[in-house]
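Note that the chains are named A, B, C and D in the order they appear, and that numbering of residues resets to 1 at the start of each chain.
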Amino acid sequence: MEHEASNSAVAVPEQSLMERLREVRQRTLDLCTSLTAEDMMVQSCPEASPAKWHLAHTAWFFESFILSKFAPEYRVFNPDFPWLFNSYYEGFSAFPEKKLRSSFSRPGLNEVFDYRKHVDESLNRLMESGAPPAALERIELGVNHEEQHQELLLTDMLHAFYTNPLRPKYWEQGTGIRDQKNREQGSEIRDQPAALGFRQFQGGLCEIGFAGEGFCFDNELARHQVWLQPYGLADRLVTCGEYLEFIGDGGYSRPELWLSAGWAAVKTQGWRAPLYWWKEDGAKENGADEGERSVFTLRGAVPLSWMMDAPVSHISFFEADAYARWAGRRLPSEAEWEVAAEGIPVDGNLLDSWNLTPVPATNLIRNENGAKHQNENGAKHYGDCWVWTGSAYLPYPGFRPLEGALGEYNGKFMSGQMVLRGGSCVTPKKHIRASYRNFFAPETRWQFSGIRLAS
Amino acid sequence: MEHEASNSAVAVPEQSLMERLREVRQRTLDLCTSLTAEDMMVQSCPEASPAKWHLAHTAWFFESFILSKFAPEYRVFNPDFPWLFNSYYEGFSAFPEKKLRSSFSRPGLNEVFDYRKHVDESLNRLMESGAPPAALERIELGVNHEEQHQELLLTDMLHAFYTNPLRPKYWEQGTGIRDQKNREQGSEIRDQPAALGFRQFQGGLCEIGFAGEGFCFDNELARHQVWLQPYGLADRLVTCGEYLEFIGDGGYSRPELWLSAGWAAVKTQGWRAPLYWWKEDGAKENGADEGERSVFTLRGAVPLSWMMDAPVSHISFFEADAYARWAGRRLPSEAEWEVAAEGIPVDGNLLDSWNLTPVPATNLIRNENGAKHQNENGAKHYGDCWVWTGSAYLPYPGFRPLEGALGEYNGKFMSGQMVLRGGSCVTPKKHIRASYRNFFAPETRWQFSGIRLAS
Amino acid sequence: MEHEASNSAVAVPEQSLMERLREVRQRTLDLCTSLTAEDMMVQSCPEASPAKWHLAHTAWFFESFILSKFAPEYRVFNPDFPWLFNSYYEGFSAFPEKKLRSSFSRPGLNEVFDYRKHVDESLNRLMESGAPPAALERIELGVNHEEQHQELLLTDMLHAFYTNPLRPKYWEQGTGIRDQKNREQGSEIRDQPAALGFRQFQGGLCEIGFAGEGFCFDNELARHQVWLQPYGLADRLVTCGEYLEFIGDGGYSRPELWLSAGWAAVKTQGWRAPLYWWKEDGAKENGADEGERSVFTLRGAVPLSWMMDAPVSHISFFEADAYARWAGRRLPSEAEWEVAAEGIPVDGNLLDSWNLTPVPATNLIRNENGAKHQNENGAKHYGDCWVWTGSAYLPYPGFRPLEGALGEYNGKFMSGQMVLRGGSCVTPKKHIRASYRNFFAPETRWQFSGIRLAS
Amino acid sequence: MEHEASNSAVAVPEQSLMERLREVRQRTLDLCTSLTAEDMMVQSCPEASPAKWHLAHTAWFFESFILSKFAPEYRVFNPDFPWLFNSYYEGFSAFPEKKLRSSFSRPGLNEVFDYRKHVDESLNRLMESGAPPAALERIELGVNHEEQHQELLLTDMLHAFYTNPLRPKYWEQGTGIRDQKNREQGSEIRDQPAALGFRQFQGGLCEIGFAGEGFCFDNELARHQVWLQPYGLADRLVTCGEYLEFIGDGGYSRPELWLSAGWAAVKTQGWRAPLYWWKEDGAKENGADEGERSVFTLRGAVPLSWMMDAPVSHISFFEADAYARWAGRRLPSEAEWEVAAEGIPVDGNLLDSWNLTPVPATNLIRNENGAKHQNENGAKHYGDCWVWTGSAYLPYPGFRPLEGALGEYNGKFMSGQMVLRGGSCVTPKKHIRASYRNFFAPETRWQFSGIRLAS
């Protein structure tokens, strides 16, 4: 998903929008502090983009859709950038093939930083001089756009570092993973995660889609009625340990568990486990035994044994669907997820927690003294991993794309993709909401995507 | 779509089932009377199968799922056939790759005819000796399965003959197309088709899915409630003439009209018109001017000018969707189509009419004396072309696949495909109904697939 | 290799040319007596063509290059055939993509037979009425062209029947393979094939290329001088048994034995043995133990154990090259092979022997009474398998392609291919000679291609 | 071509080898002075590698084949580097897929510089302490290896900068191209290049392959006799202007001029001109008229009109072959080229001239005052572009690869490639010689490859 979108009405006061803009723009830079200019050149799979490109493209968005239109004296930073950093807006300009982004050694990283500064200063001037409501609406869109690229920047760097045979770490400092390691060493018996429970819902005539004040994307509208059968929704995500049972039970070699297209992917792609699981041969640097599975994370490789109670991540829709069939359950529809989310505050293992990886949804974590303590991120409706729903990504009744080239932000991707809900450990907390619709092709695995079962 | 399925309850009396079985089995043979053994070897695209394979596979279905299970003394016709003619039932046996079917020169056509006879006689014996209800249910499934392959046999032969540079005709005798030719020659002024009208529906809480007595596939269940907004549905299909306007207006060169995946297909596949439209160079055998477009049909090539008022066919979902966007409309959902079909008898340009190609949906056809007469097939809810809906092919709430290998008939294809409704000019009339769900990948064009607009 | 070519001078008297023409034309028909019209539709790999196409194309060659030019009253049999059955002569006409040949169900086989008859009768009339020398030259070319397609017809049918999961037999009657079976059963001790010997040659200034009277292709000219180092050439081909030792010694898993492109092919194509070797699972119909290797031949599957002393066949240049490196030898250059062939009469296991498969090159074959007898086909310079040389297929100094479209017969393929020499068990005896250059891409395996070592 | 090789005997005194080593190692760094760390990450086609990888791999070669073997106290710089920077030596270690090199953001450029320094210092110590002859031989091999990668680094950066839509310049300072521009502007009439002449050679029994003292690669041995027909060799390379005539005469649309595989490449790849020629639309920054062709060089884009008399470059073997056929000539064999080179000193437009692009081979260049002056690089046997020969890259009689993993340097690539001779404008002068064999696949275009005709 590359994104761009709309809001029905801008209710945030101008001042706070300016603060939010500054905060988000700054966080993009903060996410790059551990990266070198060389790291930010890597594009390791067709879905990903170089981190430098994300930096430039998010500036481009403000330049092209706000400054060039609403700031009368705005001077384009570089006459080549408007087409160079266009992602996919056919209605705006021609643009380079996506795969060429890895050749953008020029402009250099410093020039891209200058570009961002130029854009920031211009936005500042525009807002201080009293931007019209239409400009403010689009600035809010730009803020949300940039948050989407923050998540993509992190998922793309995870893939880039996994592809590098040296497997560098994106982030090295203190981590919940380390806590898990202590836990392992401190107690001989691994506590089991809480048994999976299901919250029950009555269904009937419900409403989904964005309502109320604040921002939403065009694909969250129109709010509309849907009829739901009674259903249950799991109170936490499926864990790595549970997923390992599926593997151990022949999950990847039993065609009866899979959709036909999923089974074809298993055979063609050679899937045997989630994307970032692999077996060590030899080196024990990360504490894993020889032959033991490891999991690659933004904090480097960790033994799978430390992650057993954390939600399984980086699986395709096909794997989520096969797991659910194996477990005698199914995936929820997006409406079921959204109705269940009503009234639940946005909280969980999101980017702001800075775990950068899913963490156990359990109340059984022990501290170094052996005392159990509550994992504050446990069993939340949001965070850790986006959950694959069983819903195809299609327009809502009454969907109207934004005017002009911005109409390409979401609408043209409404084919061949499945909806995901709930945000992940690299989604900014202010970015997500109950009506938020993420979407990816069903074979996608490089995002933080997992499973919440329905019944 | 290759198929196989279930019924809730068999209400048809045994005797009539036997008659229906004979009728359907015979029609499969009838469809081959104009074909040579060589014609029946051709597999001209990955989606298609050789006609001989369809003959054998439909016998295999009865042998494998009915006779081998319910007929105690049944002797398998040839010990290799159970795996050789298995299409895709992983739960039944291993099976050859689909693309190898074109190498099945042995068994020869005569042996396949013998196979069918052997199966027919065995079925006869089974039914005369009093088959158990479970067997009768599956026989009815086999009958419906064979009807699906009748349609596929014709669409596959159309593709085979289009691929042959000599462009042979599947059927040469008297045709509605000839009538259209007369019409063209008999009147200087081409009458316009009736203007497109829209029937209005209130929506609200509706039910879809199969109900009542008789046969249905497992994917039509469970019948369930859906909530629909008020909507309109076109009273006829989009014609070739209307589609030509879309082409003339740059339809295939304007990315803003297309879904992203559709636009990629346009560029990759070089689409410029429906599948079987092409430009003559030189030869005027079929009456077309040099440079004029022709349409290839089961009755051979005809000038597009003769087909202007007939429904456009052999377009992908992406083309249907782009046309609808160009026309300021949209495609209906499958629920909208089904609710609108309630109470309308199954009638239209179906296989039984033996047109073998879409015909004009207009009341303006003139006879040779210039008098207008009603086209009996015009403006029907069924027939001519399957209509692409905007609905992804997903399980209904409460969907339960059949037991055992037959559970693979429909369920495992519920990913990456769009639903089509209403039957085509090569669908047997008794095969179709309001709740019937056909499905193909959105880029599919070799089926008789067209457009009914919604508003 | 699809072919067409030239001769320097026609020394064969007209009468004998007519006889040779009749003989060759008849043999093409004879090769089809065991085939059905359906068999003759199969095109099971991109390199192959349907047998029916070979029948038509060889008639097309005479029609297009002789009759249409030299027979004043010649009437083209069917106005579509001149472009329909053109293989690759850009200078003659447009032609269908090769892969479409499998869609040519029309014309039917009988029409193709009529086409051949029409061409035969017209050729007869032309020759009886005194054809000009230029026409006679091209008739001789057409005869040789047809012989090439006889070999291709057989290799293509072998592949077609191997692809058919039922593995039919091209020919069922009495065979040397059966003799080998008797031998196996009649003597407990399998006699070893004669040890490999090497004939020594002085080299120095030699000549290669066609000389003397009779026909040759343009690619065998100009005869020219080459300088050779002293060399040795094996007195027989490498056997299946010897090749099995190479496999047993890790031949397919040791990169140091392979050219880089060959090693890539091993990994990409999953090569583990020659093309038509496979392991039985279960069925013992052909006498093989479960898990034992079988070899598929034009006479059906036979256990590898019966073929141990026969030349290994259906290997790529890369496999031949790797085997030679493993054996501490090398492949001969085409000049080395040709110089060694001087003065040796054309004799060996060629098509005329009707073995249709390589046979042991050994003098140790025993009859049922245990008495050794000489295998008349043993240790010949010609036949069994074409031998891969280490020479790239390039123009000889002074090479001049034929005039006009016929110049495309050989010349345009002089890139990316390796030369093979010596003919095979499906090469007509009259077709082959010392200067004959066959050529295929180095990864090709569907031809009868084997190994003669040099030192 | 990635390389590594052998020498028969080391005749250079140790002292001078040390100087040569320092000189070559320093030049690699010099070639990077205009590049950023980001530039050195780009890998823009499967044939190319990132410049940083070239830096590391050339250090790896010395570490792996000299220091680790001959320097007793040598400490590997980083334990991962021996496998990380192995290019293709299966006999040495496993190595990463080539395409992954673009993900090597770590180690950073500075670490690679440190690696080089570590290796340089260790080599220094080894040589100062009296390295054994076997070590010195391999050091000389390493020097030649590094020179090959210098050329590759430049060709890869040219492709990288061409792929970047901004088309940056590798080098901006004073250039012969600028002189040509002045020439254009200074004289209304463009002087024609000297007419093409042919030097005649008698042929007969000749010798090719390396002889004498000094270094050579294993593929230049054994020196051996060949028999050549009398031949002529052009006295200069084919120019851009001449090649433009070929294009204007339909060169890219006439199949009769092409080898079959070449014609397939024309259609598949859409070739219409040499690799780095393109048409401007709009921007005239480089002085070209709208719609005029430009040529991309290491000095940026220049109008084709300024390059008319310079040798055409960046064409495939197929294009060279088609041009020769169009011109009624042919390409020389490698033996013809080498025999003609005997006794001609190595001189021409090589890397040391620092033109970085082919320059006119003409004596008609005028200075700013209009006076003609001799182009010192004109009409040389070496330099400007490698010339495609008509010879496949095969082992010479008596070829013996180096011992051990180094045997993979050249030998395993002797399949599917054509020989090129003579060096280019980015080949170091000391690197090239008469017996030097370069080789690439016939469709390769990213190297400086051109045409010298033979007759």
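Keep this in mind: a contact is a pair of C-beta atoms (placed from the backbone, for glycine too) under 8 Å apart; a residue touches a chain by one contact, two chains touch by 3 or more.
The structure presented is a predicted model; accordingly, all values stated were derived computationally and were not measured.
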Other chains in touch with both subunit A and subunit C: B, D
Chain of greatest Cα-centre distance to subunit C: A
Separation of mean Cα positions, subunit D and subunit C [Å, integer]: 40
Centre distance in Å when subunit B and subunit D are each reduced to the mean of their C-alpha atoms: 59
For subunit B paired with subunit C, centre-to-centre distance based on mean C-alpha positions, whole Å: 46
Contacts with two or more other chains, residues of subunit A listed in rising order: none
All pairs of touching chains, each written as two labels joined by a dash: A-B, A-D, B-C, C-D
Contacting residues of subunit A [partner subunit B, same complex]: 88, 90-91, 205, 224-227, 229, 255-256, 258-263, 317-318, 321, 390-392, 394-395, 397-398, 407-408, 412-416, 442
Residue ranges of subunit A touching subunit D (in the complex, touch as defined): 36-44, 52, 80, 84, 96, 100, 102-109, 160, 163-166, 168
